[in-house]
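What follows is chain A paired twice: with chain B in the first complex and chain C in the second.
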Partner chain A sequence: MNTPSLYREQNTFFHKRMDPLSKLLLVCCLFIDAFVVPTLPGACLLALLTVGLLYLARELGRAVKILAGCALLLISIFLIQGLFYQNNQTVLLQVGPLSFYREGISYALKISLRVITMIAAGSLLVLTTSPTDLLEACVRRGVSPRLAYMLAAILQIIPLMMRNAAKIQEAQEARGMAVRGSLSTRFRAFLPLLTPLILSSFVNIQERSMALEVRGFSLGGPRTFYRSEPVYKGMLPVRFVLIGSTLGILCWRLFG
Partner chain B sequence: MIRMQQFTYRYSEMARPALEGINLVIEPGECIGLLGSNGAGKTTLCYAIMGLIPHFFQGDLTGEVRVNNQPVAKMDLAAMSRQVGMVLQNAANQLSGTKMTVEEEIAFGLENFAIAQEEMRERVDWALEILGIAGIRKRNPYQLSGGQLQRVAIASVLVLKPQILLLDEPTSQLDPKGTEEVYQVLRQLRKEGITILLAEHKVEMLAQCCTRLIVLNEGKIMADASPHAVLGHPSLPDWGVEAPVFTQAYQAVVQPHHGEKVPITLRETIERLNQYEQAYRG
Partner chain C sequence: MAKGAFRLTTLGIVMIPVAVGINFIGKQLANTLNLPIWLDSIGTILSAVIAGPWIGAISGFVNNLFFGLTMDGGLSIWYGISSIAIAMAAGVLAALGWFRSLPKAIVAGIIVAIVSAIVSTPINVLLWGGQTGKAWGDLLFGMLIGNGVNIWLASFIDELLLDLFDKVVVAALVYFIALGLPKRLTQGIRSAETAVRK
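Coming up: the complex of A and B.
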């Protein structure tokens, strides 16, 4: 059993020398940039940049797995826009009665690149940051512990579900269900997994919140920290560059 | 000191009260075992003393619970948790879910109470020491054995220095080795003068460790007396509780007359059977 977290200790700039809040800022900037960059090459560049950062953080492999998990979303973007985008004019591909249009496909490409940028940016934060560090950094800056805890809990949902899924899958396998093999077998095995998965994730919530209560969690007022805050050097310029470049892009979009 | 007076409580969605007409006084330093079959009301009794009833659970309540002479219903839960600590039945649910090491997990409550860092470290060291888990302080709390996890859960509550400790079936998920580890800790805590209330099915362990046993059945107190008196009581099976196997064996062999003090631990049983054998030979 592992701590429900996707974080894994490694020795890279992102893991060791960049503080959690700067990483959070980086993610926010990438999100904003992804939305405001207008052109296809721009979106492409941004996605490449983010993927490059993941490569530097040595987490590209696991990020690709997360992206693959979102493949259904990406495919549906291409289907919908390719078929129904309002400015569709030029037929690119004809499959039976269905026509895919060039304009729709290029629009879908742009959106997909945005989505990829955002998922990759989010993965960068989640994969390189210990949830404790992020949570403590926020609470030290005056974010209410309750809110910080909720955010951390949301970040933990995916790994928690993955862990439970593995456990339940094992149990099903032990009872002779086919869970491995071709894509369709896997998919059919996944459906009966959903109910126990969701139930088991929620059944303990009451007890857990009780345990938090009796350890003074809902106490208002100041808090102290068991660990001293780690010192990160040279993050101020990084933050300036991040905020500056994002503001630059915003201004260029608004007034340029 | 804990005092319950004519305490009756019904969970809002239930038809019957989970506890009915409970009268109880627990003095400082007592170590009390709470017996009863599933659904007898052991957990509910712990919730009532902790103040989770009425602060966390809704329902109908009459009577009163006082801890150190203050009515629990009028105190807030966080303030209560510095006087009374409760270890939940499922130790994994006791974890905050936000800490990556055992020592930080144990410090979680102290952080909430804004204890200064220096004192926090001292208290965490103390708790680690007393539970015998100093060796795993840097480990991930989600990668521990059952016995270790249970001890971390106890430490995380004990670190707030409550005078009263409530443990809800602390060994229900443990093997004999893990169980023994936990009971060693409890014996140590008794020496520290902490009042202990222990809901437990393993009567053999309670017989060794407690000064007093309370039997609950369908929300009512059936017996409240010394371990010898309770475990030798002829109605014990009717209350859904089995006597220790040693006691049962002794009763089957010797067939003691009514009111005789029966042995309740292995050592006592061997002694008494030896006496019996000698008397029989002589």
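Coming up: the complex of A and C.
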């Protein structure tokens, strides 16, 4: 069954030998680094490092696809900040009547490097970690099993709802509903597609909650796990290095 | 959900993934039908309206957490705060009776849009220097800061413009959908709200 997750099984250090929580820590550290790293070359280095990690995880191609989703926004940041940034003084480039300023461009560069670092870091986690593994690891460390259930259930519900949506669309089109045409036609098609889907999902809610209740879902007490905890070796030094380097960058920002 | 804070019934917990699913399908449908707005908060607002602000807020939070963790490399998580605020606003408005008729629902949509814009603006400024990533809003943003308008105000106007259109349509849709749901179903869920006990 296709789930909405982007995880794909591969045999790299990040997929197999790094535990989900260390990866989560890595992402958090990179997020903090992206915000506190002080100079432009530093930010550039950080972005390159993160992209390098993606390359090592053999997921660079798919991460670029995620980044491409923001490409238009990044380009427009360069245009708008380059032209209109408030502290603009030095003209860098003159194109016809438009002048791009050095201050705006370097501000745009700062923002885009930060965004690229964050998306690359997030992608590293998302692309190399199975969501169920991540949730299981979190529940073992004390995250509420209810929250974990909600997140895990979404993984199953979305493909189910997608299939139902396709069925409903075919059924409504067979009854003569127009799904193409002018904007108002398309708007009017929205409700007859969505309402049956929501209705059937709500009937499901009651069945699901009864099924869970029968299995003692709302009982308190510690949970046991279906799988035994996988063992990862050598993760403690990795975590120390991550926290240490983040503290280092923080000090650079504060005292450098 | 720390111990002692509040507990949800199973029905409430089961409803939340469905709300997230509705958000997702709404977004997909808007894409396939080529509509110029997002429509990605139908589930959040619907759950807030029929099950109360708490379940709505959790739906909104879980929604962004989920899509941040599975799809877009963490960007959505930042906007989780906006989702929570949207759900809270919609839930409180619904409790005050602002989703009982279409004109009222539209006014509620406007209020929700304003709340959403207030909460989203700092995130936009922090992440993107103030832009929203939708061409027509950002064009206005560029023109405003080019004319010396403060970044925060320009970003707020940019976001509000997009939110107004989106949230008013969503509020109207939620009104019609909630109207179409059989009482037998909503009654059970409404009791999930009272079950958010202290």
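Criterion: the second predicted complex is superposed on the first by the 175 of 256 C-alpha atoms of A that agree within 3 Å, B and C clash if a C-alpha of one lies under 4 Å from a C-alpha of the other, contacts with A are read in each partner's own complex, and residues count from 1 in each chain.
What we mean here is this: contacts are C-beta pairs under 8 Å (C-beta built on N, C-alpha and C of every residue); 3 or more make two chains touch, one makes a residue touch a chain.
Computed from a predicted structure; not experimentally measured.
Enquirer: On the A-aligned overlay, A:G96 touches which partner chain: chain B = first, chain C = second, or both, or neither?
Expert: In the superposed model, A:G96 contacts neither chain B nor chain C.
Enquirer: Between chain B (first) and chain C (second), which does A:G256 come into contact with in this model arrangement: first, second, both, or neither?
Expert: In the superposition, A:G256 contacts neither chain B nor chain C.
Enquirer: Give one of first, second, both or neither to describe whether A:N204 is in contact with chain B, with chain C, with both, or with none.
Expert: In the superposition, A:N204 touches chain B and chain C alike.
Enquirer: For A:P222 in the superposed arrangement: first (chain B), second (chain C), both or neither?
Expert: The first partner, chain B, only.
Enquirer: Who does A:Q86 touch here: chain B (first), chain C (second), both, or neither?
Expert: second
Enquirer: So, A:P131: does it touch chain B (first), chain C (second), both, or neither?
Expert: Touch status of A:P131: both partners.
Enquirer: I'd like to know which partner A:G142 touches here: chain B for first, chain C for second, both or neither.
Expert: Touch status of A:G142: no partner.
Enquirer: Would you mind checking which one, chain B or chain C, touches more residues on chain A?
Expert: The larger set of chain A residues in touch belongs to C.
Enquirer: What is the contact status of A:P237 with respect to chain B (first) and chain C (second): first, second, both, or neither?
Expert: A:P237 contacts neither chain B nor chain C.
Enquirer: Touching A:V214 in the superposition: chain B (first), chain C (second), both, neither?
Expert: A:V214: touches chain B, not chain C.
Enquirer: In the superposed view, which residues of chain A touch chain B and also chain C?
Expert: 4-5, 131, 149, 153, 204, 208, 212-213, 217-218
Enquirer: Please output the residues of chain C touching chain A within their complex, sorted ascending.
Expert: 1, 8-11, 13-18, 20-22, 24-26, 28-30, 32-36, 39, 42, 46, 58, 62, 65-66, 68-75, 127-129, 131, 133, 135, 138, 141-142, 145-146, 148, 151, 173, 176-177, 180-182, 185, 188-189
Enquirer: So in the complex, which bits of chain A are touching chain C?
Expert: Listed in rising order, the residues of chain A that touch chain C are 4-6, 27, 31, 63, 66, 69-70, 72-73, 76-77, 79-81, 83-86, 107-108, 111, 114-115, 118-123, 125-126, 131, 134, 144, 146-147, 149-151, 153-155, 157-158, 160-162, 165, 179, 183, 186-187, 189-191, 193-195, 197-199, 201-206, 208-209, 212-213, 217-218.
Enquirer: Okay, in this complex, where on chain A does chain B touch?
Expert: Per the touch definition, chain A meets chain B at residues 1-5, 130-132, 135, 145, 149, 152-153, 156, 204, 207-208, 210-219, 221-228.
Enquirer: Could you pull out which chain B residues touch chain A in their complex?
Expert: 50, 52, 55-56, 77-78, 80-82, 85-86, 88, 90, 92-100, 103-104, 107-117, 120-121, 124, 140-143, 156-157, 160
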